[in-house]
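Okay, handing you the structure first.
Naming follows writing order (A, B, C and D), and every chain is counted from residue 1.
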Amino acid sequence: MPTILGQNQYGKAENRVVKITRDGATHHIKDLNVSVALSGDMEEVHYSGSNANVLPTDTTRNTVFAFAKEHGVESAEQFGIHLARHFVTSQRPIHRARIRIEEYDWERIATSDGREGKHSFVRKGQETRLTQVTYDGETWEVVSGLKDLTVLNSTDSEFWGYVKDKYTTLKEAYDRILATSVSARWRFNWTGDAERMPDWEASYGEVRKHLLQAFAETYSLSLQQTLYQMGARIIDHRGEVDEVRFSLPNSHHFLVDLEPFGLKNDTADGAVYVAADRPYGLIEGTVLRDGCEARIPADLTDL
Amino acid sequence: MPTILGQNQYGKAENRVVKITRDGATHHIKDLNVSVALSGDMEEVHYSGSNANVLPTDTTRNTVFAFAKEHGVESAEQFGIHLARHFVTSQRPIHRARIRIEEYDWERIATSDGREGKHSFVRKGQETRLTQVTYDGETWEVVSGLKDLTVLNSTDSEFWGYVKDKYTTLKEAYDRILATSVSARWRFNWTGDAERMPDWEASYGEVRKHLLQAFAETYSLSLQQTLYQMGARIIDHRGEVDEVRFSLPNSHHFLVDLEPFGLKNDTADGAVYVAADRPYGLIEGTVLRDGCEARIPADLTDL
Amino acid sequence: MPTILGQNQYGKAENRVVKITRDGATHHIKDLNVSVALSGDMEEVHYSGSNANVLPTDTTRNTVFAFAKEHGVESAEQFGIHLARHFVTSQRPIHRARIRIEEYDWERIATSDGREGKHSFVRKGQETRLTQVTYDGETWEVVSGLKDLTVLNSTDSEFWGYVKDKYTTLKEAYDRILATSVSARWRFNWTGDAERMPDWEASYGEVRKHLLQAFAETYSLSLQQTLYQMGARIIDHRGEVDEVRFSLPNSHHFLVDLEPFGLKNDTADGAVYVAADRPYGLIEGTVLRDGCEARIPADLTDL
Amino acid sequence: MPTILGQNQYGKAENRVVKITRDGATHHIKDLNVSVALSGDMEEVHYSGSNANVLPTDTTRNTVFAFAKEHGVESAEQFGIHLARHFVTSQRPIHRARIRIEEYDWERIATSDGREGKHSFVRKGQETRLTQVTYDGETWEVVSGLKDLTVLNSTDSEFWGYVKDKYTTLKEAYDRILATSVSARWRFNWTGDAERMPDWEASYGEVRKHLLQAFAETYSLSLQQTLYQMGARIIDHRGEVDEVRFSLPNSHHFLVDLEPFGLKNDTADGAVYVAADRPYGLIEGTVLRDGCEARIPADLTDL
């Protein structure tokens, strides 16, 4: 045969699971989008169409919903671990499972007497939380992250001293807006020791906090510098994380030229910007704990 | 000529204006998407292509940015009023201006010493705030609103006692999730009296609060009932609003049948739901202050 | 009661119906997205939550799928007529039904021996075809249309002779690209005479053809002129259509300034343009058969 | 320093270039979306913010537009080769360039006298064509592809004989719809020999044709089998391609249960299906020319 099969994986994607837990009249919500990808001894289904080794994607969907009941949803990471372990250990032909989860956060609606609602929620709508759990029967890899966290510094950003070639027309900037929509992934150094499992929920909140603080507190000479500071701050403060990867569109805000209308539009006060769509700068990079290996792919895909 | 021109309007849509105001080291941000639509004596440009009465859409864009500097952006409503007045009063052929504005809300990033950031922001990402200002040289109409405010009650919702015909298979529900993504528009009764202009910013916060509280506090026998309660609550509490229109998708959350796996999945505790995409119920309706006329179109378009 | 109910409607939106008809080994496909909106005696469900007059949205969904089997899908318009008639005539509290349908077109995949495939299809992917059927028990209104039909003339477009005010900086253009993504709706003058029902499928093809030809063959001095020509051409050629409404974004293609790099970029040959996103001009207008009344709303919503 | 920099890249993304070439009154159009990513000696900009090695993303944008004039746009692949070579050879700190291009296809509008329009176009709207050119100063890699090519077989698809575990409820299917939205990437074995450069335009058309024919002509026992056949057919017929990777969502079309309404809905004729959104099966895999190495990443990202 002149062709052969390479890497392959399959499963049910985007299972929208909502779990409501009741604590008396107070309810708790977990809102997930779970995607399963399995791989293993799958040559035959590709070559001849024999499904003898294929657990249907429909079954992987059923398993996601059943596990939400059987194991609960303590955290997206923990839920992914339950699922990945199940597929690899219960099905001989399956050697590797990758579970990707998006999580949507909700907050309680305040009632008219000023208290927190017990079972009424409004979707927070800020970033989407992500996790990916991979298990091959021996080693675990957990990469968590977020996307669509839009941030902006209205000052403390400059850009100058760059290379100028014959196609360069950009003017240097000494006080500009720096804005981006953060897409980040961070890899935990946990590889399966049940005794030393991170507190996934607490970890997420702390990583997110350091990321935001580093963005806000870095006087920036380039978006690359800000990227590095965000990654370094996370690794410095969070021993459970060894690697952080960012994809940061430079969401350009250009000062509008108002001189034709007799108006001065500088950054001193009341500056008017146009928020541009395309094209945009795109800055991507990995920050590593010294001595650690990079494993997050250079081209991020949605987890 | 066997054909004639009917209603028409034109202008520059989606001008992305960001205004930064400095109060010492503390900055304030207004982030708008402004669309201009003008109409008037425009027969000739349609019939012959003569642009003698046409103020270019490019000029309407310039005006938006220049006005952000000249008049500031106190509120989206006030900014729309400045623009609409300008186009109608400065250009003889223009008889009517409609300004639509989307507003994106930002919150301050907390710094590592626990204080609010002075010039660092994270986009709130919840609902999008809307307004539409229309002026024909005599009367003002202001319709504000919001879209993409996603809410969910995990109990206190039933649905039974409905009509059953030969195509009815739905089972009655006595404890279900009620979820929707609110799209709402509310019309102010202000028509131009400069002395009695509403406090647009305060009004928005109050309307939004009453809408959310009514959603949370209504024990619901149908989404229509909840819709009406939300509208009535707003009109009861806010004298400046005479009419509210809602478009509410019923974002179905179905209890998953886990019996094939020997699991009981009822609402008593730990219920697992699948959040469905399409199809969805769509409930639309207007609530009016008694004696007032409905003017918001029955089919909402994005403002 | 200080508040009252205004216009309201409800039903199941976005039912994705695919119908396969077999003609021996040759199959035919109809691919629709059907949305139902019903109104009538619905005060009580809003005021008290009583569903005694409410046919569930779930039932309207079932009806859509059952009717695809019972009546077939001859055309989207004909299918909408079956559905609208059913809801209004079979349910006393329902006084008006509005059926909106999107249709996706497919073409056959050619096989390796050069013939048309019998049951293999590739989605055409160009415009989305639309229709809206409204029935109140007496009168029928059918409005069909399309959206996302992207067209471009690379010459034969000018723009000059416009109004200049203090905010005008635009330079006149004597040879520009004219591009838009057509959203159009056209109203049939058919109001229910079964003997004189239009051939909906043939009509769509003809209207679309005249629209495209008018776009291509109009030497344009403004997008408004092109809009009018497209509408007039349709009404002139198609006696079944009395009214056409367009929403035409002016998809700007700007000549790039290459002078800083010693390059001349004029339209004579090899011109390089940047296709801009936002803002964009937005030109909307209605063309009517003389003596007819405009009934398509000025602000189009997706059918 | 406890942290170090890993892989990084930067550049201007999504430059929307439109090139019009005139051949007398007949015009030709190339419509591209070009993204530049550069990497090299970029430690310092990350560590200290020094931009001494940084060619601004704004300059990369200018270069894209200038090159469209200077070199023309013969094909997306050839245009990417010009750009990648320029960045790597003209800037000492830049060691690697990756150019990604989306291409949108247009067809001519027929005029009313039945001829092809000379300078009027309608966007084809089917798949988006993709290419990625990578150059590190020594070796070239060209990966082309497409996305959003939606195909459907209305018969000749079965699914049975699969693994059944305690979570399996799926019924076997002996005549089902098989539908997917193809995302594919194929890697050329060309590595830089100017004499033996493929005819990129011709190659694209042929690869696309074989892909579609293999989809249509494979009697399918699983989507994996169809995937493999599509890849094998391409490699068998096109000597310039060594590797093909697919990401194929299984776009489920479920037979609707119409028995509650006394209707039989089988596949014999006039079958009614519901096209489902989420979840969906997701089948991904690589097909290789025997003896060749896989280099397309297992998780595709938009080129």
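As a convention for this text, a residue touches a chain if its C-beta (ideal position, glycine included) is under 8 Å from a C-beta of that chain, and two chains touch if they have at least 3 such contacts.
Model, not experiment: these values are computed from the prediction.
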item: Distance-maximising chain from chain B - centres being C-alpha averages; value: D
item: Angle of the C-alpha superposing rotation, chain C to chain D, to the nearest 5 degrees; value: 180
item: Same or different contact residues where chain B meets its copy chain A, judged by the half mark; value: same
item: Centroid distance [mean C-alpha coordinates] between chain B and chain A, Å; value: 29
item: Centre distance in Å when chain B and chain D are each reduced to the mean of their C-alpha atoms; value: 38
item: Residue numbers of chain B (touch at least two other chains); value: 15-16, 62, 66, 167, 169, 260-261, 277-278
item: Partner chain A, residues of chain D touching it in the complex; value: 1-16, 35, 37, 42, 45-59, 61-63, 66, 90-91, 93, 159-165, 167-170, 220-222, 224-225, 227-228, 231-232, 235-236, 243, 245, 249-250, 278-290, 294, 297-301
item: Chain D-touching residues of chain B, taken from the complex the two chains share; value: 166-167, 169, 260-261, 277-278
item: Residue numbers on chain C that touch chain D, as the complex places them; value: 15-22, 27, 29, 31, 62, 65-66, 68-70, 72, 106, 109-112, 117, 119-127, 148-156, 177, 212-213, 215-217, 253, 256, 258, 260-261, 263, 265, 267-277
